[in-house]
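Paired with chain B in one complex and with chain C in the other, chain A is shared by the two complexes that follow.
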Partner chain A sequence: MTVTAAAAPQRRRRIRLGHALSEYSGFAPAVVLLGLFFLVPLGIIVCYSFWETIDYSTVHHWTTGNYSYFFSVGAYVSTMWATVWVSVVATALAIALAFPFAYWLSRYVPKRLRTPLLVLVIVPFWSSYLLRVYSWLTILGEHGVLNRFLQWTGITNHPLGLFLYDRPAVILVLVYLYFPFGALTLYSSIERFDWNQLRAAMDLGASPLTAIFRILVPQIRPGIITAVIFVFIPVLGEYLTPQIVGGTGGVMIGNLIVNFFQSAEYTRGAAASLLIAAFIVLLLAVFRKSLSSRDAYGI
Partner chain B sequence: MASEVAVLSTRGRVARGLLSAYALLIYVFLFFPIVLLVLFSFNANRYGTFPITGWTLTWYRQAFNDYQVHDAVSTTVKVALQVTLISAVVGTCAAFPLVRSRLPFREGIRIIFILPIMIPGLLIGVSLLVLFTGTFHWTLSPETAVIGQSVYTTPFVILLVAARLQGFDTALERAAADLGANAFQRLRRVVLPLILPAIVAGALFAFTLSLDEFIITYFLIGGHNTLPIFIYTQVKFGITPEVNAVASMLLGASLLLLGVAFALPQLVRRTRRLIVRARTA
Partner chain C sequence: MTTIAPTPTAASATTAAGIELRGVVKRYGTQVAVRGLDLEISDGEFFCLLGPSGCGKTTTLNLIGGFVPLTEGEIWIRGKRVHDLPPHKRPVNTVFQSYALFPHMNVRENVRFGLKMDRVPAAESTSRVEEALALVGLDDFGDRMPAQLSGGQQQRVAVARALVKRPAVLLLDEPLGALDLKLRQRLQIELSQIHRDVGTTFVYVTHDQEEAMSMADRIAVMNDGRLEQLGTPEEVYRRPASRFVADFIGDSNFFAATVAAGVATLADGSQMPCRGGSGQASVMVRPEAIRLAGSSPSLSGRVVQTSFLGKHVRVAVATAASEAPVVIALHDPSTLPPVGATVALSWSAEDAAVLEPK
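And then the complex of A and B:
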């Protein structure tokens, strides 16, 4: 009698433990995959950025030398600011182009056509990223379509090299790559807007543009911020676009990182990678408040 | 809705006209480069540009006979199949507790699961490179690329399956329990069939993402080539229509798979309805 009385709570605890195990056991593979192969490496990168490379091998010797080295080389610092600048311009352009499009789609397009038209925007986005960058070579290159066209119309009689291998080309291709992201996010928040409010504002004498900027834009702010974040973050870490269409004039920080790692300077590469991460954290911190509302995910 | 469109003012009609023209331009902008890419793969002109000097399948034939392309295709498919399997299993398993358990910090855990999609792939690539070569002293191979790609594709499966589980009517499971089904039977006969479309869609998605993935693979695959890496190394030597042909085939494959992934849930629903109707008839 006394034995069972003592064993009862123990058994209950065991049942509870078993229950918890079966409840959370589904996480186990994900914890291995994303813990061991995602979070741990990120931690290691942080360590590496504070270690030293001597004769191509990493020495566990704590130092801030990698960062001070990065900031002591003028070309690196200017590349870093150029990257931020290119990312800001590309993000702004992608969203400025996406806004009228999302507005058109949610206001003037009949409901049954909206989804197919939206899918049509996303299709290029889900086709290969490398190919979309590559396809611009056939347009902007020396023998590219643009030069052919200019020669054909007689505007110029020899191929111009100025379309490729500089920042404008990088920005153009980045806008092309990330426009669908912006359009999708903006659409999902404009779609829920009550157009009667705009009509009411215009009945009260507001011009259409005033009505849009004072009534519509403030209400879809979370959507705009999500779009900014989702475009800005991947752009900041771009490697392929500047590599293929940017040439020496369009180098971004992603190219520096790859060069560091390819020349076995792991610790310097780690520091440069963390600079990207720092910008991302900064961006998220600035927009933290707007992101904490569920609205921001377009749910 | 129809009457609403009809009562637009003149100004409204002008705005609609202008914006429609603008939208058309956007679609042209989005599809023009891709259309050109495919167009030039059939063009006899060997510089991969205008003018069109004739239609040909030479470049496709050349690609089919290129042993480098063969190698790249077989590596790509092998890697993609492994990535698909890993992310489908890991993602589905993780979706259950994410939706159903009494989870403390649910939002935080969700964000950690989504993080690999949000941060630039470059960071995943270099951090895994450091882990594999610096810490583990492994040799880079297609298998290390599989791990890297899985980190990136699994979150998509988690999101898709979790969304499906969220809309799942738990009364069905309780009904099965009342009828005497044990936990395994409930999972096998009730839950899995209902979330299967989401799992398959997620798997197809992972497969497509893997086919096209560049930056993580570039860091982790060592001396091997997948198709995107092959195309990239070829691009360095200039554009050739053969690359266009390979690229067009890759494009076709991913669009086909995505089409299936998006259409699948509806297809399954329709077939099921047909079967039910056939049975009752």
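And then the complex of A and C:
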């Protein structure tokens, strides 16, 4: 092949394109994975949520009926709001417990003891999720440890059913399940903190608590927000915990979705799933700016 | 708590000292960091705690600042017992070695932080912040973030942040340790000027003897948790109280000797003048106090090395009186003897300190 002068620019462009392609080709596996396992399924769910279920089969007929149906049933809407507040409370409690733990671990525990302690935090993950939730039944149940203790001390003479099958039990177990996520995330951001700054703040007249909230917390804000996201997102979609320890009083939106799918109402289930997803997207949008620490330090 | 004007209590009326340490002991478990320290630091003094690492100087500073509780003894500041008070209740502010600036606040917010904690009214705090920034020469840097400043500038912000509270005492924990030599020397001059301007008592911890000598009114030389010597820079240099002080501060030549009636008999039998003392001793003479032109009595030796060091020439002379060559600092290179020459060393009695034997 002969190359004329006129063809040169075109050839150069083609070379540049090829160069760019080869530069980005390294991302190909990630793009394929993300596409196959995330974007395509998401697209399918979006499609389903705008289709119709007629006689237990999905009809490819575009409608917003699934969404309007969801909002027309009072029990669904109240379950959705209950899910949001249960998740907010559970997340807040998990973070509130994880923060002092991470603070204590990174400030007062000698380095050689930190890894064993972190491993202890992760140990529950070695057992099955179901086992961890069921074990709470043996604590909170009618013949559980808590009731036996109360009867033994004489505070009550018959087993109390109030520990189980309602939102407090769900929140308690969710806090237990997701505390490690909060603790590990917060620890990794507090660990790098220069503790001299707290000494300096106290030297300048701040009480210990003021020093923590004015000096430490603003600097680990990205870590706190990451922890909140790590806990809030999975909690929002929980369905096994509310089912096992929540009973009928502790139903969350995840249980509704399961019910929809089990009764072959795929389109309504898809719509309810996307409502959760919308909440999460909203949450991420709110926190998007705060996740960057660069602005705060003027770097 | 705002600025400090405590009235002296009856117990302390006799002492108007800025800071007083009485029998201060600090133990960490079985380890003793400070062993019974008595110190009196005058109001407005530039006071240096000098010593090698692990000598207890930083612990002493932390005891004054309240960052570590003391084991025994008392600490008084301006006639007020402070050793039971937490750091934020003491009339003391600190410049930390790492500066510990708040990276998420700009310079002005850093300096204002202490005033905010004291609930100083906005108008007053604004003028005090600007005043403090002007004092350290950072008038135009209020809006910068700490990460945008050089090490020297960060150090000055740390000073301004502490001084804006108008403490009775400013503690400085090796504040220049992280800076290069040139900048350190410039900031030494600046810190002395700031000290003169504000008149606050400065307690300065350093392991760098030159730094201590260049700034301090008085130096406390510490070793192994004890006070070795307390005095002006000239006193600790010219009249070291111990072998440790003589060795730690400046260059020194030691001779094992038997001393009697102002005469030291050295190992080679030569009899040299010295300052007082008797019996077995170490005689210490500074390099610049030794003369080469021989007046008698003199110590004979052979030149083994001469080095040109800019401001002076260092001559090493091997003698039979000491194991290590005697080091001499000559400021007039015209009298420089060649290597190998035999020379006669002499010094005057007042330049030869008699210290405990090795």
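Following the convention adopted for this analysis, the second predicted complex is superposed on the first by the 249 of 299 C-alpha atoms of A that agree within 3 Å, B and C clash if a C-alpha of one lies under 4 Å from a C-alpha of the other, contacts with A are read in each partner's own complex, and residues count from 1 in each chain.
The rule we apply is simple: a contact is a pair of C-beta atoms (placed from the backbone, for glycine too) under 8 Å apart; a residue touches a chain by one contact, two chains touch by 3 or more.
Just so it is clear, the structure is predicted and the values come from calculations on it, not from any experiment.
A.B. asks: Just chain B (first), just chain C (second), both, or neither: which does A:40 touch?
C.D. replies: first
A.B. asks: Is the number of chain A residues in contact higher for chain B or for chain C?
C.D. replies: Of chain B and chain C, the partner in contact with more residues of chain A is B.
A.B. asks: On the A-aligned overlay, A:80 touches which partner chain: chain B = first, chain C = second, or both, or neither?
C.D. replies: A:80: touches no partner chain.
A.B. asks: Touch check for A:93: first (chain B), second (chain C), both, or neither?
C.D. replies: Neither chain B nor chain C is touched by A:93.
A.B. asks: Where does A:275 make contact in the superposed view: on chain B (first), on chain C (second), on both, or on neither?
C.D. replies: neither
A.B. asks: Answer with first, second, both or neither: which of chain B and chain C does A:215 touch in the superposed model?
C.D. replies: second
A.B. asks: Should A:194 be classified as contacting the first partner (chain B), the second (chain C), both, or neither?
C.D. replies: Only chain C; A:194 stays clear of chain B.
A.B. asks: Under the contact definition given at the top, report the residues of chain A touching chain B in one complex and chain C in the other.
C.D. replies: none
A.B. asks: Show which residues of chain A lie in contact with chain B when the two form their complex.
C.D. replies: Checking each residue of chain A against chain B gives 23-30, 33-34, 37-42, 44-45, 48, 58, 97, 100-101, 103-105, 108, 110-111, 119-121, 123-124, 126-132, 134-139, 141, 143-145, 148-149, 176, 179-180, 208, 230, 233-234, 236-240, 244, 254, 257-258, 261, 266, 269-270, 273, 276-277, 280.
A.B. asks: State the interface residues of chain B toward chain A in the complex, per the touch definition above.
C.D. replies: 1-2, 5, 11, 15-16, 19-20, 22-23, 26-27, 29-34, 36-37, 40, 47-51, 86, 89-91, 93-98, 100-102, 112-113, 115-116, 118-124, 126-131, 134-135, 147-148, 150-151, 154, 158, 208, 211-212, 214-215, 219, 228, 231-232, 235, 239, 243-244, 247, 250-251, 254-255, 258, 262
A.B. asks: Please give the residue numbers of chain A that touch chain C in the complex, ascending.
C.D. replies: 194, 196-197, 199-207, 210, 214-215, 218-219, 296-299
A.B. asks: In the complex, go through chain C and note every residue touching chain A.
C.D. replies: Residues in contact with chain A: 1, 65, 67, 86-88, 92-94, 96, 98, 100-104, 106, 113-114, 117-118, 144-145, 147-148, 161-162, 165.
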